[in-house]
Amino acid sequence: MGILRLSHVDITVPDMDLAKAYYTGVMGLDITETTDDRAFFKCWDEEDHHSLAVRYDPRVGIDRFAFKVETEDDLADLEKAVESYGFHVHRVSRGEEVGQGESIRFETPSGHEMELVHEVDKVGGRMSKLNPEIPIDLQGIAPPRMDHMLINAEEVGESAKFFMDVLGFRMTEQLVGGDGHQIGVWMERSHSPHDIAIVNGPNGALHHFAFWLDDWDHVRRSADILAYNAIQIDVGPTRHGVTRGNTIYFFDPMGTRNEVFTGGYRPDPDFPTITWTEDNIGQAVFYYEGEVNERFVTVHT
Amino acid sequence: MGILRLSHVDITVPDMDLAKAYYTGVMGLDITETTDDRAFFKCWDEEDHHSLAVRYDPRVGIDRFAFKVETEDDLADLEKAVESYGFHVHRVSRGEEVGQGESIRFETPSGHEMELVHEVDKVGGRMSKLNPEIPIDLQGIAPPRMDHMLINAEEVGESAKFFMDVLGFRMTEQLVGGDGHQIGVWMERSHSPHDIAIVNGPNGALHHFAFWLDDWDHVRRSADILAYNAIQIDVGPTRHGVTRGNTIYFFDPMGTRNEVFTGGYRPDPDFPTITWTEDNIGQAVFYYEGEVNERFVTVHT
Amino acid sequence: MGILRLSHVDITVPDMDLAKAYYTGVMGLDITETTDDRAFFKCWDEEDHHSLAVRYDPRVGIDRFAFKVETEDDLADLEKAVESYGFHVHRVSRGEEVGQGESIRFETPSGHEMELVHEVDKVGGRMSKLNPEIPIDLQGIAPPRMDHMLINAEEVGESAKFFMDVLGFRMTEQLVGGDGHQIGVWMERSHSPHDIAIVNGPNGALHHFAFWLDDWDHVRRSADILAYNAIQIDVGPTRHGVTRGNTIYFFDPMGTRNEVFTGGYRPDPDFPTITWTEDNIGQAVFYYEGEVNERFVTVHT
Amino acid sequence: MGILRLSHVDITVPDMDLAKAYYTGVMGLDITETTDDRAFFKCWDEEDHHSLAVRYDPRVGIDRFAFKVETEDDLADLEKAVESYGFHVHRVSRGEEVGQGESIRFETPSGHEMELVHEVDKVGGRMSKLNPEIPIDLQGIAPPRMDHMLINAEEVGESAKFFMDVLGFRMTEQLVGGDGHQIGVWMERSHSPHDIAIVNGPNGALHHFAFWLDDWDHVRRSADILAYNAIQIDVGPTRHGVTRGNTIYFFDPMGTRNEVFTGGYRPDPDFPTITWTEDNIGQAVFYYEGEVNERFVTVHT
């Protein structure tokens, strides 16, 4: 089956205590492990070791992002595919990286370090696997799981081609300029509107990563929790034209943009790509506002 | 019992056809009557003749607003009270005004024409009074009823005093400056967070009137309908600190600000007034954003 | 103004520890005071001392219910009105009853002990009266406030007449038999669909009291919490035809029926009464099911 | 990739006019084609020719159900797999069946006729593929798409084995008896909690098929529409323990059980199966009620 879904995002923060306080107390994630300079977090309904890793660094930024593949063979196949495309692949052996086994790393055309991983330690979710009960005492925003991420690229089309031709992603939506070149692409492997999006911007930059919420009411509760904790909201609650999902963008206290997201359709490989033209960029990004604010376009980490 | 609730708002528009198209097709109101230069609208769950009257005028503005009183005696008592306060009262006889009977009109300290009315023609709502069914085919936003309005006043405290001492309104919330003077007041008669609010601004101006929605999901549907119809959203979906209700502000195509509103508490006369200090004005007005945008403060009709 | 709203319900339970555990841990109320044989509870958004009083007694039942009046004069006026109607009134002096001042008690035509109270100790709600924030850490169902109650009467029409003619209630809805006699009546003082309902059944019995929820999503969360705590659900989540509100009925572990309720219209004194005919009783009570289950009709306390 | 999702369910009805009236007017589906004795329906967000086919027959029942495969090769591979398992496969050529191309049919161990189809005519959904707008004028329940179905089998374990070993389904949940045998299994191909479920009952029977709703509010609106149209609700609105989704079961006017469903988790192939034990069957099926009603267990078509 190849790539299943976004596995984890590894970011850097200048204040580990603040990061831990925010991602547990406000976002409602669980810490599954800490090391000297790192902390690992997961959502309550996730089974795997972590979906977010935070490392201390004076600079706010992104180390890498990882997608999970179904089998050991998928890992080998994708390794060959990336190398055939002309990119160097670095093997990470079991034991080298916290919470996971054998994996591969390489640089994408947009200059991001990307990881593919097969084995991830199973730590289990909050619901039992035997006669489970719906959890009623979740604290903070408490998204059930990580959903997707958006990275920037100077050449969106080149990056999209790599993700589709080499890694097997399928394009659900695209935003195209007057001359037909791609300004943004939304691609999936998990039968959701997007697992990764690539939008025009500086190579190597992270625009945001997003947590899944179950519904519009959870979006409001998230906004209540953000406001209570004086977290700066970037945009929302609102709706995207792209994906037709509902959303809030906001910044963690160190400066990385987070999103909470819900809704959208459920695409299979036979889903025809949706195209947005540049003159509709406002509605494509923020369907209610009909325009994109400056901060949303210019702030990356 | 005196004043019951906001009865109707009378605005002026430069394009009657556009007004009719918007208030029926987008807002989902019913037209109950039209005359040469006026159109009368009501919400689907309202029984009275109209809650919005629109008159042709080259200028966008407000003619007056009306509150409904319970009895004929209430009308007489309030007439005396207003006159005792030193204001001239104009009697409108049955037959003089469309859709209503005997009423009184006078100018408020803030220079608005206000009306009190007892008799209003009953045209009935969409639900039967005998074994009613929940309506399932409402079109447009279709709020069940008008909820409240916000007017501007140069001297908020003076206006608040008039509404409370003479007309019997109760203050649920106030926004006060550093020296203790009132920048905004929210007052009610209907056991809801507010029937009328007065905020610092030019005398005689209308800031907005608001329709009630039943819940947060109806707020999202309203935003979907507004976006579909390319209606300019001013702010929202968001939450107010004041009233703790959820809201969207937007402009009708002629330029009058509308609101859809839901939520809040249910205050009785023993409800202790909530005070907001000026340094919290952002959270008071827009709880999620934590700041008030320029347009919201400066645009009135 | 007279009667404002349902103030508190006083019930008896055979297990005080269980009652405290349930009404705090599951229902999410706050205990404001305990005495040797009683415990007093309030909802998070209520300002008054209590809306539920629980007394130890081997028998599950109801001691009395109390409505709050606006002024001392209202208390005196209603005292006279009840006495004029031929009923004996018992004065309760300040200091005699926990958490409240001067009040009156009398027996209704249906054999219930009813109380009217003016002074109630203000203990305050969870939200500040100065720059309040939306609470985000409520536990259990946590309704913002008590809403209404339903009592039984052998002669519904006689009881309705007493509540309307003597106490000033207004009838929003009624269920009538083929010969026109009233099987059920819903009456209000607080501009909500009902503060008290009276339905045919044994004199002196309590059918249920109900807590207010803010929306349909809170109804689902309540059901999740009830199921998690193995609380027996009687009916719901569903909708009433009467009031058009959404609801769940369930039993506290001692056997008193509780309800959580939301929605409905906002009636003023000019609201025309809605009539349901007996052949539509199913839809009137449970709009989705279209029928009333045996337990709902026969179990009272 | 093999099987993608449930493609369509083919049922029989004794009244075609009533079926058309219900599936368009109440359920809100679109008719895409009619023949002498059949009608084909799709949901508004589906691109394919139909997800429900209705054929006239004096008896209410099921003709077959079809799953869609990704490629022509998948069809050939699965054909071989089914034949290797010892089952006869019938090839349906392009042109033989309405709205679809080459497909295969065979009988499952539970005696159901099952179809696998690759080519289905694309008729397109309601949203444009170019700068799409959120539809705001959907009528009836209007689910965006078909979701899953539940069939009965005398030997659940044998059927589950066939679906998993031969067709590649993954088991998300199972209900097991005291001796460890499977009473029910829930299986998926589309990364949703279930595409098909098999529960103990008579071979060849259809228990229900289910339409997807986007959220809990759409569940309530569905109930409003069902009640308005006097459609018999079987159970709900409620929640399942299995899948943790929200649901209503009801019968179309001819007698086939329908479901509307929302929620649940998003499982990948690494999702560990959840097990329910028979003593928790009540909570597994109806999480709020904690018990399964007789009709739900005994009525099939």
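In order of appearance the chains are A, B, C and D, and numbering begins at 1 in each one.
As a convention for this text, contacts are C-beta pairs under 8 Å (C-beta built on N, C-alpha and C of every residue); 3 or more make two chains touch, one makes a residue touch a chain.
These are the chains along with the protein names UniProt gives them: A, B, C, D = Metapyrocatechase.
Note that the coordinates shown come from a computational prediction; the quantities given were computed from them, not determined experimentally.
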With centres defined as the mean of C-alpha atoms, identify the chain lying farthest from subunit D (Metapyrocatechase). B
Between B-C and B-D, which chain pair is linked by more C-beta pairs in contact? B-C
Subunit A (Metapyrocatechase) and subunit B (Metapyrocatechase): spacing of chain centres that average the CA atoms, whole Å: 43
Centroid spacing, where centroids are CA-atom means, of subunit B (Metapyrocatechase) and subunit D (Metapyrocatechase) in whole angstrom: 48
Which whole number of Å gives the spacing of the CA centres of subunit B (Metapyrocatechase) and subunit C (Metapyrocatechase)? 31
Where subunit D (Metapyrocatechase) touches two or more other chains, by residue: 134, 215-217, 224, 227, 239, 283, 287
Show which residues of subunit D (Metapyrocatechase) lie in contact with subunit C (Metapyrocatechase) when the two form their complex. 216-217, 220, 223-224, 226-227, 230, 232-233, 237-239, 246, 283, 287-290
Help me check something: in the complex, which residues belonging to subunit A (Metapyrocatechase) touch subunit D (Metapyrocatechase)? 1, 4-5, 45, 47, 68, 70, 122, 129-132, 134, 144-145, 190-192, 212, 214-217, 239, 241, 244, 263, 265-266, 268-277, 280, 283-284, 287
Which residues of subunit A (Metapyrocatechase) touch subunit C (Metapyrocatechase) in their complex? 133-134, 136-137, 139, 215, 217, 221, 224-225, 227-228
